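In what follows, structures are represented as structure tokens.
Shared between the two complexes below is subunit A, which has subunit B as its partner in the first and subunit C in the second.
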Partner chain A sequence: MKAFDYVRPSTLEEACAVLADPAGSAKALAGGTDVLVQMRAAGLRPSVVVSLKDVPGLNFIHADDDGGVTIGAVTPLGAVEHSAVIKERCPAVAQAAAWVGSVQVRNRATIGGNLCNAAPSADTAPILIALGAEAVITDGREERVVLLEEFFTGPGQTVLGRGELLRAVRVPPAPARSFATYLKTFRSAMDCCTVGVGLCATFEEGSAAIKDVRLALGAVAPTPMRARATEALLAGRELDETTIAAASAKAVEEAQPIDDIRASAAYREVLVEVMSRRVLTAACAWAQNGGRG
Partner chain B sequence: MKTCIVRKGLPRIDAIPKVSGEAQYTVDLKMPGLLVGKILRSPHAHARIKSIDTSAAKALDGVLAVITAEDVPENLFAFYQWQADKHILCTDRVRYVGDEVAAVAAMDDDTAEAALDLIKVEYEALPVILDIDEAMKPGAQLIHEGKESNSTWSVDRLFGDPDKALAECDYVVEGTYVTHQLAHCCLEVSNCIAKWDKRDKLTIWTNAQAPHTQRQEVARVLGIPRRNVRIINSTMGGGFGSKLVMDMKLPIASVLSRLTGRPVRIVNTRSEEFTTAKTRYPYTLHLKTGATKDGKILVRDLTLIGDNGAYHDKGPATINFSSMMFGTLYNVPNIRFHGELVYTNKAMGTAFRGFGNPQVTFATESQIDELAEKMGMDPLELRRRNVNHPDETAACGAEVCGCAMSECMELAAKEIGWEEKRGKGAPLRGVGLANMVHTGGGGRFYGFNSAEAIIKLSDEGTVTLITSALDMGQGAHTAMAQIAAEELGVRLEDINVLSHDTELTPYDLGSWGSRATFMNGNAVLAAAEDARQSLVEAAAEMLEADPADILVEESKVWVKGSHEKHDLSEVVDHTVNEHGEPISGIGRFVDHLPEGYTIPTAFAKNIPCFSFGTQAVEVEVDPETGQVNVLRVVAAHETGTTINQTMAEGQLEGSMAQGIGFALMERLVHDDEGRIVNDRFLDYKIPNIGDVPEMKAYCVESVGTRGPFGAKGIGEPGLVPTAPAIANAIYDAIGVRLHEVPMTREQIIKALKEKRASET
Partner chain C sequence: MKRELHIRVNGDEYHLLVETHRTLLEVIRDEIGLTGTKNGCGQGECGACTVLLDGEPVNSCLVLAHEAEGHDVLTIEGLGSGDTLHPVQRAFVETGAIQCGYCTPGMVLTAKALLDHNPTPTRAEILEGLKGNLCRCTGYVKIVEAVEAASCLLEGGEIE
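Let's turn to the complex of A and B:
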């Protein structure tokens, strides 16, 4: 690891000022489970590491008045996993957080870090996209809000500009009669996903007919992606075996997986089909069961 | 057998220093003037070195030495000197990605890294050969110029008349099985500190599994007298065979130290560890098994090609050992074995827990199930009809003394629920089992097999045990201490074990081949007997009793029939300080060679003690994703006498987990240019706590071995039959047979697809 400066600002403004300095290449440090590994092994050579440890107002889980949840960017994934508010209002987010790394990693790693690292396989991304979550971005003075599905621009790339930080993630209130889940496949326990699928499906009252649906796929494109054609195919349809099969096949068409060490593109396509079918089948069973179980 | 300390699951004696962080590994050591050494490694799998320019690196502030092949002795090295094929630093050619090209010594890490970046090497690329078939083609690019072919060594073994037997068999099955390169994944990476002092003495601090032979190896490659080399072992964080043969960083650090006059430390990065710390030898195995209709296996015929990697190391020994286990399992009367080693432009292979046996057993024990299927027989029943028996000499010459194979197999089968579950379990669930034979006491491959130990008692009655058994995490120190404590009659906590310094410990071949408990344990027992005799005589004199009436237990001494117990310290203090007669003991164990033994012809007579065992597993397969979930593993292995129940179970559990990795996950993957692409734990998957299923380890005690208190080694067996047991269980679950490990999700999907295609 090359020598670097280390600063611990105590305000957002200060932190963003250091990150904005055009003279250096600053990197924000939250839990460090990605940044430190990349600095040791993957050629990340920041001139300044900006610790967010002492910056107030970044580590919180807030039950919003509208029924949604706002999660501070440096909230540990372990806290997300165990939060009563999240388990009540958007349990699939807790479920996705619990898939990341080990207990020890989740006690360090943060939700903001998982998103800002912008790995196509980030476990929290597909479900947050499916739930219509927003990224609250600050430059230390002003805030802007972007939909999380527009947050990622490429592997390791986000819309964050120089001097900007992700301050929080806002999950909107779950619509009535909606079902959300995240499913992943992996080579071993504590692995990044080979394919991840996040689903949020809203059903018409008393039926398995889809009112609104968002399906997001992880690790099958340069960024976590929304499967819009699949969503279009599903919209307004009664969820049954035929529809589910057609939708799963459509998801395979939409996915753009590559061959890498974790899986071949062809195998990822198999997984997209299987995982999409499984999440939709679970949703269908839930709707048919009157929105229970 | 009534024992006080042996056969108890006592806590390890090194637990507290390790858990508290007091234990010192080589990276923890501090010494004045210590420099950082780093190695410039080849980015090419095969290339000619046209030029090296080190001037800019030498000019960098904080750099004390930069060396290339010109600065090191020209000697070629290999584990067997007759196969020597590797320079300390490459002269004109690099042969795998990671080959050592140059090295630097600098004040700190950053400077050393910057210096490496400043060394300019001009390469001319040569054709890269990664595949054994390609390497063996006539006219293939030679990896070592001047040799006749890339096929570099071979061996043939023949017992009985396999062709005649094949003609007599009612059933013959044939298949090809493939295994790949695996990394040992020690928690502690390969490292060393070398210090070449003003008296021309070279001291190396490292983590060697065989410090005495590595000392010879360092002297040999540097061309210096062995007496000038001393190896001091730090605490070790895992070995698994990777720390048996010298790593080139030892002579490289030594030369850097000689040039700078300061100690130099070189530590692998994790990426270097994955790419250069050597691998398990990948085998391609063409196997034929033939049996009569009543299930007697008459013949086995195996052609095995081992991928040697770019240089020689333990290849011949590994393949020879494979052949011995192959010949011994089930005492098959007709055996043909052809083994061959082939150079490729990949990292070199070396010893790895199981030493060629897991690869061969994957083939043989998978094929037993295939044979049973063809015969319409329960695979357990087929195995029953062929088990090894105690006190039998196999057709290949192996002398099996103690043997609890039947007990192990029946126990494992019962515990996994064989009768209830096989062929009729829940859908997508299956059970499978596999047997194995392994050495339980090292081998006679060096032409001798012996060990020594020394014991001395302080005047307070504490015991110093000097043994050459290395503790690399397997618990050898605790086992040695238990053996000494049991025999001497002292408490375990009164024993201090020293094994770290070649100037202190007796010459020894090292801790490998499940050898330490059997060999070093016997030497420790002999040393304890020797010391005990002096102790009893001293006590008899002090207590005015007959030596035959002296009892020693738990560091108390008394005369039979008397209630007056004395502290051991009283006796030792008396004899030392009253009579000037210190108490010590020396013990030697020589595993005598069988009559007519010569290294080339000895074959399975090389093994002083065989150990048998069975593993049974239950799996669940997701046929849509190919995910295999190992639900349970049951291991029943022979231990002779279990020295420490907890540690023996730990050895079995650890090796079962490693076996699951071998079966389902682990493989070093190369790109077309020969670079290993999964050189980190993110993508080189080993089973972690979430992957390891419920495991039940049974230590099956048996009689008939010459180990200390009748014990056998248990370091490796748990790994050996895991993969075929899983392959057999997968077959039971979904009806597909995989002939290649790791059995990945993609392979299972592909096999299922092929099965469906063939059924329609």
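Let's turn to the complex of A and C:
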């Protein structure tokens, strides 16, 4: 690895000040499992690496009073995976975290790093988008909040400006009678997902009629994306085989996959159809079972 | 740029002056001289560089040395004591879970951490737990058997 300066600030303000320096090309370092690989192999050459290790208030999982959960950006994915609060309030997020890399990777990789790295295939993104999560962004002095679905602007690109850091991710409370799940396909151990699908469906009382739904797709567009046309098709409809088939076909229309080393665009389209059908079928079974299992 | 680094490796305190772009793997091997930890892919895929950081497995090739400041590192050299093998090491030897040996230090440390959390893992749990450690010799069968044998040893039993 090429040499670089390394600073380890002890406050958020200090960290953001270094990141804001217009003269340098500073890079924030959380777990390092993406940043170090990019510095070694992908030509990332920051002038200074800003370690977040000693910055307090970034590594936490908080059970919010409203029933939601706030997760500090530098919380390791392993902690997210095993958190009792997350498993109780938004278990699909724990599942998505558990699917990232290996135990070794999850002990270092952080939820904020997974999001800020902004890979179209980031495992935590589709389910967090489906759940309506928000990104809490700070410049060291003031905070702003953006919906996570608006956080990504392109591959490796986010709305974070120079000198800004993602401080936390806030997952709102799950609505009553809602079902959420994340599903992904991958070729083998340690592989990034070829397609990821996150779903949060809210049902009318005592039926399989959809009141509200968010479907988010990963690895099929420049950024993790909401399948809005599919959601519109589903809204207000009874979730049955015909609706599920129509919705899954609509999701394929919306996805914009590309050919890459992991899969062809054509294969990804098939996967979008299959996986959308699977998550919607699971939601349907859950609703028909009176909101259980 | 060099910077002071204080870390504990296998119970020994080290006060070193280390360049800020060095990885924990490089410091363990080149500065401290413990070469049991292996350099494999350098991308966090193969697990040959696995060490335990505060008891949890990490890829030391993806940890900047200075990020381990003030923390406890356990390498394969610190696992047994003297000539006495740790039960996981003994299980790997007696089961024949070693061929070329390059993946073995990482495999043993990951297995140790797995068994610390889950003393009697299922086969599926062993495979999931060792997902980040690649072996290109054994086909993994003997390695899974070794982890099962280690579990048995740690639970007070003997290797069959």
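One rule holds in what follows: the second predicted complex is superposed on the first by the 293 of 293 C-alpha atoms of A that agree within 3 Å, B and C clash if a C-alpha of one lies under 4 Å from a C-alpha of the other, contacts with A are read in each partner's own complex, and residues count from 1 in each chain.
Operating definition for what follows: contacts are C-beta pairs under 8 Å (C-beta built on N, C-alpha and C of every residue); 3 or more make two chains touch, one makes a residue touch a chain.
The structure presented is a predicted model; accordingly, all values stated were derived computationally and were not measured.
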Clash or fit (per the criteria above) of subunit B with subunit C on subunit A: clash
Contacts of A:A23 with subunit B and subunit C, given as first, second, both or neither: neither
First (subunit B), second (subunit C), both or neither touched by A:K2: both
Subunit B versus subunit C, judged by how many residues of subunit A each one touches: C
Partner chain in contact with A:G78 - subunit B first, subunit C second, else both or neither: second
Partner chain(s) touched by A:A41 [first = subunit B, second = subunit C, both, neither]: both
Partner chain in contact with A:L271 - subunit B first, subunit C second, else both or neither: first
First (subunit B), second (subunit C), both or neither touched by A:I261: first
Subunit A positions touched by subunit B in one structure and by subunit C in the second: 1-3, 41, 102, 189-190
Subunit C-facing residues of subunit A, complex: 1-6, 8, 29, 32-33, 36-37, 40-41, 49, 51, 53, 78, 101-105, 107-108, 189-190
Parts of subunit C lying in touch with subunit A, wherever the complex brings them together: 1, 3, 19-21, 23, 42-45, 47, 50, 53, 56-59, 61-64, 66-67, 69, 110, 113-114, 129, 131-133
Of all residues in subunit A, those that touch subunit B in their complex: 1-3, 41, 102, 185, 187-192, 261-264, 267, 270-271, 274
In the complex, subunit B residues that touch subunit A: 109-110, 113, 269-271, 624-625, 627, 665, 669, 677-678, 680, 682-683, 685-691, 745-746, 749
